[in-house]
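Here come two complexes built around chain A, the first alongside chain B, the second alongside chain C.
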Partner chain A sequence: MLVALLAGLLPFVKMSLVVNGLVLASIIGLGAIGLTLIYGILNMANVAHGDYMTLGAYVALFFAGTLIPALGAEGGGIGPFTFGYPLLVAMPLSIAAVAAFAVAVDRLIYRRLRERGVNVVLVSMASLGVAIALRGLVQLIWSGDVQRLPRESREVWRLPMDVRVPPDSLFIAVVAIALVAATYLVLSRTKMGKAMRATADNPDLALVSGISTQRVIQWTWVMGAALAATAGVLLAVFQANIIPIMGWKFLIPLFAAVILGGVGSPYGALAGALIIGVTMEVSTQWINPSYKPAAAFALMLLVLLMRPRGLFGPRQ
Partner chain B sequence: MDLLGIVDYLVGFAIMAGIYAVFALGLNVHWGFTGLFNIGIAGFFALGAYTAALLTTSSPDAAQFEDFAFAGNWSNLPLLDWGVDAWYVMGLAAAALCCGLVALPVGYVTLRLRDDYLAIATLGIAETVRLVFLNEKWLANGSKGLYRIPEFLGDVVSPGAYDYLYLPVVLVVLAVVFVAVQTAVRSPWGRVLRAIREDETAAAASGKDVFRFKLQAFVLGAMIMGVGGALFAHHVRFLAPITFDPLLATFVIWAMLMVGGSGNNWGAVLGAFVVWGIWSGTQFLPGPLGEPSFRLFMIGVLIVSVIVLRPGGMLGEERRTARGAPQAQAVGEG
Partner chain C sequence: MALLEASEVVAGYGETEVLHGVSVVVDEGEVVTIIGPNGCGKSTLMKAVVGLVRVRSGGVAFRGAPIEGLPPERIVRTGLCYVPQTNNVFPSLTIRENLEMGAFVREGDYRTRMDEMFALFPDLTRQPNRRAGSLSGGQRQMLAIARALMLDPVLLLLDEPSAGLAPAMVSTVFERIREVNRAGVAVLLVEQNAWEALRMSDRGYLLVAGESRLEAAGRELLDDPDVARLYLGGRAT
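What follows is the complex of A and B.
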């Protein structure tokens, strides 16, 4: 029904906003898939997820904006994109760094709490502490000022229907689609992916059938953090700036997508991200653009009112 | 700094710590007793502060570049002039009411669902409230902010001595809130809240309407936060959306409750004074240690270390058993 409603609105909507919304949705989707996996498998709302994105953006900034230029390597753009090849080098390094950080935090903090068998909300609470500390750390290292990735080009593509997109949008969409496809393959084809889905479905049953929960959890963090780091880098490219609070601000659309799609379902999160991303951008046609997060929040409340388990969650 | 300067500083410190203690008590109702995960305290903080400020400020003056249209002007209304400054108490009550009215529908939608949905909902409230006050210039002068917020009993003392008058006011309000919360959580109603926090299914199985109790606790805590916001408004007497940064309006309050001892009202108050002491004391530290970023980092580390190392905080939760009942066996958590 909701889909029909949205389709009915389509003729009245500016196409450029829809395109922008799809780009935003691919960033939300990357973050939301990781968030929902962690939610489903560890049963915790990782409030620090947005700040993992921030960390990803800053680590990439360090490599692409500081280290690689300092080594004397000339940047130079790739084709029409605003960034040069240093960003392509920086992205996997950033992914590795954030994944290592996430695994370390789990070892150091969350694992102890799990072993003590505390209430799951307390684990989410601990992730709030991690979020705060991480943001402080980022500000301490990189200062609280707005920073920018090096910019090599200012080209804009003009497409039919009055759509103007910066070439970066294509890059963001391609990277997002590639990573979503990779995630799909890992979850459906590899042994670890199947173990992860089994643990999300029924942790006790998974444990007695010989799945090592500890390893599953570790790989969940690696995947979730890798996707979050990528989302952070893409967000930095998308909004053309980096600030310490960018990830915390992004939590609302991330969780809205997860909840819309039903907690624990990666495909649901992706669908939720598409709805949230397009809604946020298209809403600016009628309301003040700075209300975008409020639009995502309102949509989430509306869906919870009608379908408490999300649009694609298990029916009951 | 001379002696008077030190006293002035301490009075200002005690006012802020007292206001934060009100918030910590509100959060204790949410998290400490009921297990409700509110990470958007800033929303109720701002809503309470703006409500009280807008109702009591005198009408805007176009000559002063003020864009907003509405001001209650309660501080000058003859209707509320009963020899005492009743407008102020009415302002506090209105702030509480307003927060309660926002908490009610959002709680209604999310509290039936998973525990942590509320966290996202409160985050959404905080961001929406901030955006409304930032963008709706007609409402509260946008980013330029509201000023000329009246002083409580301001005509009694000289402007320089206002803090000395306001400290007892804050302490009285804190005492009232404290007694109210303490009475509530020691009543059978409070016992149900703790039962829900420990084991929701068991509470439901013994016939308690879990959703109703949670909703009541959420609204009550939000109203207390509204009172805290109103107290804050008449203290700083200038409000802008940037005042309600999540760091000082949400995170530091969490640190206070966790450090003091969640589930213990004395702990909440103690935590407010201790953490605010650390927070304002460390600004005098030399070099990078006094930097806001470092202190932000330390707030996060503090919260995590309390959870991991000393979940009870400084005071820990009061253990209460009925007189004559056999001492409860230690039961494994979870």
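What follows is the complex of A and C.
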């Protein structure tokens, strides 16, 4: 029914907003998958997830905007994209850095809380502390000013139906799809991926099967943080600027996507991201863009009223 | 030497103490059944042995070495595998993936063992890629036992394997358990279905209010008039 309603609206919607929405959705999707994986396995809402995205963007900025130019490497753009080769080098480095950071935070803070049997709500609150501390740290190192990745091109593609997209959008979508596919392969084909799903299904049975929960948790952070870091870099490319609060503001659509799709379900997170991303962009046709997240939340509430477990959530 | 020796085990959850000093022994190749009324601590004893519930005092020795206080993922490596009463499969994983997870700590190739399990539990062979969550109660129980057997244990702990199954399925499950035992695996069983379980057991324990009341050969427990009257009720449990 909802789908029919949305499809009915389509002729009245600017296609360029839909395209933009799909690009935004691919970024939301990357963040939301990590968020939902962490929830499924650790049972905690990682409120710092948005700030892991921010960290990813800034680390990439450090490599692409500061370190690599300082080493005297040629900036040079790639085809029509706004960014140059340095960003392609910076992205994997940023992923590694944020993953290491997430594992370290788990060791130092969350693991200690878990071992003391602290309530999961309090662990989530601890992640709020991590979020605020991390944002402060980012601001301390890089200042609160708006920063930009080096810009090499200003080309815009003109497509039929009055759609104008920057070539970067294609890059964002391709990277996002590749990472989602990689995540799917890890979860469905590798031993650790299956152990992660098993632990999310039934932690006690995973323990008595000999699955080391500690290692599962570690790899969950690695995957979740890697996806978040990528989402952060792509968001920096998408909105063409980097500010300390970018990830924190992104947390609302992330949670909306996770909840809409059904908490704990990676497929649900993807579906939720698509709906939230497109809704947010398309809503700007009628409402002030600063209310975008409100449109996403209204839609989420509507879906939950009809289907409380979300689109793909497990039956209670 | 006994295979498993739980002596004077005290355990519980939070403030509540459920087991007040329970002793149970399982010898190599035996089938031992623990019977007793609801809430007497049968399941807690199982969980204490496999490390899911902390042993507060007393000891658990397996093959002569103490295992109390070890984390579950270490205990399972010693050759002791456990099938919980409920939630005993990974519902979103396929049959094949469930078995693979059962073999998680197994070094090297587990495929031969998986084929053996498919031979032992033919109900699982037809759709190995079906999600465990969509299986019937009986199939699920078979899968749960097969998962626990993937590590080739010397002792299998089964918590109420017949609970909630249709009568025809109950005898199939018991028949499979007998086959597993004939292959040399000792079995420690907790059962509501006490008649059927005690008949195939070498020995039985009667657990009441967190204490072991009685230990006897399976047949003797069945024939004990008090036990029969108080704890076995009718056949229709």
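Keep this in mind: the second predicted complex is superposed on the first by the 314 of 316 C-alpha atoms of A that agree within 3 Å, B and C clash if a C-alpha of one lies under 4 Å from a C-alpha of the other, contacts with A are read in each partner's own complex, and residues count from 1 in each chain.
Assume a residue touches a chain if its C-beta (ideal position, glycine included) is under 8 Å from a C-beta of that chain, and two chains touch if they have at least 3 such contacts.
Quick caveat: nothing in here was measured; it's all calculated off a predicted structure.
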item	value
Room on chain A for both chain B and chain C (clash or fit)	fit
Which of chain B and chain C A:P293 touches, first, second, both or neither	first
A:L122 touches, of chain B and chain C: first, second, both or neither?	first
Residue contacts on chain A - larger count, chain B or chain C	B
Chain B versus chain C as contact partner of A:I252, first or second or both or neither	first
Which superposed partner A:F238 touches (first chain B, second chain C, both, neither)	neither
First (chain B), second (chain C), both or neither touched by A:Y58	neither
Chain B versus chain C as contact partner of A:V130, first or second or both or neither	first
Which of chain B and chain C A:W219 touches, first, second, both or neither	neither
Chain A as apex of chain B and chain C, Cα-centre angle in degrees (nearest 10)	90
Shortest CA-CA distance in Å separating chain B from chain C in the superposed model	5
Doubly contacted residues of chain A, that is, touched by chain B and again by chain C	none
Chain C - residues contacting chain A, complex	50-52, 71-73, 75-77, 81-82, 84, 87-93, 97, 100-102, 104-105, 147, 151
Complex contact set, residues of chain A against chain C	191, 194-195, 197-198, 200-202, 204-213, 314
Complex contacts: residues of chain A adjacent to chain B	44-45, 47, 109, 112-113, 116-122, 124-126, 128-137, 139-140, 143-144, 248-249, 251-252, 255-256, 259, 263, 288, 290-291, 293-294, 297, 300-301, 304-305, 308
In the complex with chain A, residue positions of chain B that touch it	31, 35, 37, 39, 106, 109-110, 112-117, 119-121, 123-124, 127-128, 131, 134-135, 246-247, 251, 254, 288, 291-304, 307-308, 311, 332-334
